[in-house]
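Some structures are shown below for you to check.
In what comes next, chain A is part of two complexes: it sits with chain B in the first one and with chain C in the second one.
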Partner chain A sequence: MAGALRKIFATFARSYPKPVAQLLPRLYSNVPTPYEIVDAQEERKTYQDVIDKVNRQVAQAKQGRLFAVVHIQGKQVKVTEGDVFVVEGYWPPGAGDRISLDKVLLVGGRDFTLVGRPLVQRGLVQVEATVIEETLSHTKTHFKKKRRKQYMRINFMRVPQTMLRVNRIEIVGEVNHPSDVTGLETRVF
Partner chain B sequence: MVFTSVANFVRSRGPDEFWRKRKIFKMAAHYIGRSRNCYSLAIRSVHRALVFATKGRALKKQDLANLWVTRITAGCEQHDVNYHVFRESLSRSNIMLNRKSLADLACWEPFTFKALTDIAQKRALEEGIAPPKGNKVLFVPKRGSQKKT
Partner chain C sequence: MSNSHIFLKSGFIRTPSQNGVGRYVCQLQRVVLKFCKNNGSSRGMREFVESELINFAKNNPGVVVYLKPRRHRAPVISAEFLNGDKQWVSCHNYSKQDISKWLNLLRTQSGNTTGFRLRKLQHTDHPSIQGPWTPYTFKDPAENLAEYPNTELSKPKIQLKTATDELLEIFNSVQISDKKGVE
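And then the complex of A and B:
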């Protein structure tokens, strides 16, 4: 929209002699916006080709080892199969729990990357992880001191840590082909 | 009272001066010079060290954040995108990757990162996102950019 407006203004300003152009509100620059002529059909064909290629590669299991950027406990982690990563802070799942990480922001294979906006289409990718350990971090000393003010405080803290192993990252659905009803897989009826 | 040797048993009956000092000496064991053997010097340096350790935990987070920005900037410059334009374009495209994961991608997944810069460039072109003033890199020498005449 803004681009189109600017284009109109730019052509308007140029079609008049200079003094008139100067009278116009100089809200937009006179530099025409760069544009390209897009053939909608051609464009569609191109991206359909790309999507088909990705789907074919997944169907033939030639996508290689996948990696994913998942959102967990307010943090983002880049993981691949077999990784162990740490979730810090209070987090309910206990040791032995098998969970699926649903907030997938990005998945990458050998020849393609699926970028989520902000999340990859639900049900397309399955990232499964197991909680392997729940521990506390080493003791951290919180020590404050002010010189010549008789002020000194010491506290000790240990942060809860949960280790997760990523068991599986798989593309189960079809790219750009969401199911009509989503979100049912996480509900209990 | 737990004691593991006769020496410790003897110590445990008197004032707690020995135990109080031993705590500090343990922490100063790896220091050099008198600050490892003289109590008055040891406690000074142990306190300093503990304060540094406390403050350092916050500093480490800041340092890492700066490192991520550096890495993303380096990755962006390879593909001729300004860092600020890159971040702004991604957020306008609803791609909510944070600095940490972007830096990871810039380091280890060059093709993925290139795809992201492509998206950003397209979006920047469409919406007219320009780099902030005074932050202009005029020329970045890269491999292949300096040609023989």
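And then the complex of A and C:
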């Protein structure tokens, strides 16, 4: 018995220098989940099937209402047709301008979602919006005080706000079928 | 930041008559520039009237512009919007550029927004397209048929080994190795 106990402590001593993380079951990890592709061809067939379904739905105009997540002025907004949203801070477009929002991070319909990595393929989706109002926010008070230091500042500010109406979200291209030459959409020759 | 803004009138985004759905309509209806012909505080306003007002009126045919000279009074811009709002901007000692900027702001506004706090910076009539999330989305449908109380489902998702378990494990492994040694 005594020999067995000594052995237990010996094993403990051996295991002690190990970092605690190794003793505990792993809770979080950066290691990708181990997986095995059973059949590469089968896999390709499956995703091609899904892509074909999406393309067919779009071609037949049965996708219903679409929504998109667009990146604008450093912020991301989820919009759908007819939405109104406010962009805060100085932003050049003026009232009445019709602009197309090109940084689309995600597009979704009732039955499918296209997730960009980080952006959805250029020219696949068109999101158009109209600037309907440019105004200033309510007066915000910026008050600073440091205790016992005779320091107090008060500032008032009004942040420029631009209101946008989303007019159109449309899938114009074909999913997983990028044009041969990309990057020419924004160039003027 | 102080909290004085919480006593302001507040509300959500309002767009008069679905502006921007078909086309954009300028919401400024009428603007009156009031100034004095000789007072120094109206100098910027007079310069604006002389040099830039014609262009402003030409570029904005939908806006009615009135000029109202009045003796020994401070210059003022008074604007009326299509929704009935009226806004009044004092232009005492403003330069030509200042007046141009303020007039432009009035042109792009859709009403008098001073003293109105927006509660949300977004408005949508269709809050969800794929359906809102519920605790049951992305869950195994087999759980719908489970009967409760259920020991398997009531267990914590991550259960760490207790010290006793660990000791027992080591003890067992040692015993096994002991036996091997005996053999």
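In this text, the second predicted complex is superposed on the first by the 146 of 189 C-alpha atoms of A that agree within 3 Å, B and C clash if a C-alpha of one lies under 4 Å from a C-alpha of the other, contacts with A are read in each partner's own complex, and residues count from 1 in each chain.
Following the convention adopted for this analysis, a residue touches a chain if its C-beta (ideal position, glycine included) is under 8 Å from a C-beta of that chain, and two chains touch if they have at least 3 such contacts.
Keep in mind the model is a prediction, meaning the values are calculated, not measured.
When the two complexes are overlaid on their common chain A, residue A:G108 makes contact with chain B and with chain C alike.
In the superposed model, C is the one of chain B and chain C that contacts more residues of chain A.
In the superposition on chain A, A:G173 makes contact with neither chain B nor chain C.
Of the two partner chains placed by superposition, only chain C is touched by A:R65; chain B is not.
Using the contact criterion defined above for the overlaid structures, shared-chain residue A:V84 touches chain C, although it does not reach chain B. Legend: residue contacts after superposition of the two complexes on their common chain; A:Q76 is shown touching chain B, with no touch to chain C.
By the touch criterion defined above, A:T141 reaches both chain B and chain C. Contacts of A:G116 after superposition: chain B is touched, whereas chain C is not reached.
The contact surfaces that chain B and chain C form on chain A in the two complexes overlap at residues 3, 67, 77, 108, 113, 140-143. Across the complex, chain B is touched by residues 2-3, 6, 33-34, 67, 69, 75-78, 105-106, 108, 113, 115-118, 140-145, 152, 154 of chain A. Contact residues on chain B toward chain A in their complex (touch as defined above): 47, 50-51, 53-54, 57, 93-98, 100-101, 104-105, 108-109, 111-112, 115-116, 119, 125-128. For chain C in complex with chain A, the residues that touch the partner chain are 1-2, 4-5, 8, 13, 15, 19-21, 23-24, 26-27, 105, 107-110, 113-118, 121-126, 129-130, 158, 160-161, 166-167, 170-171, 173-175, 177-178.
The residues of chain A lying in touch with chain C in their complex are 3-4, 7-8, 11-12, 15, 23-25, 27, 64-67, 77, 79-80, 82-86, 88, 94-96, 108-110, 113, 130-143, 161, 163, 165, 167.
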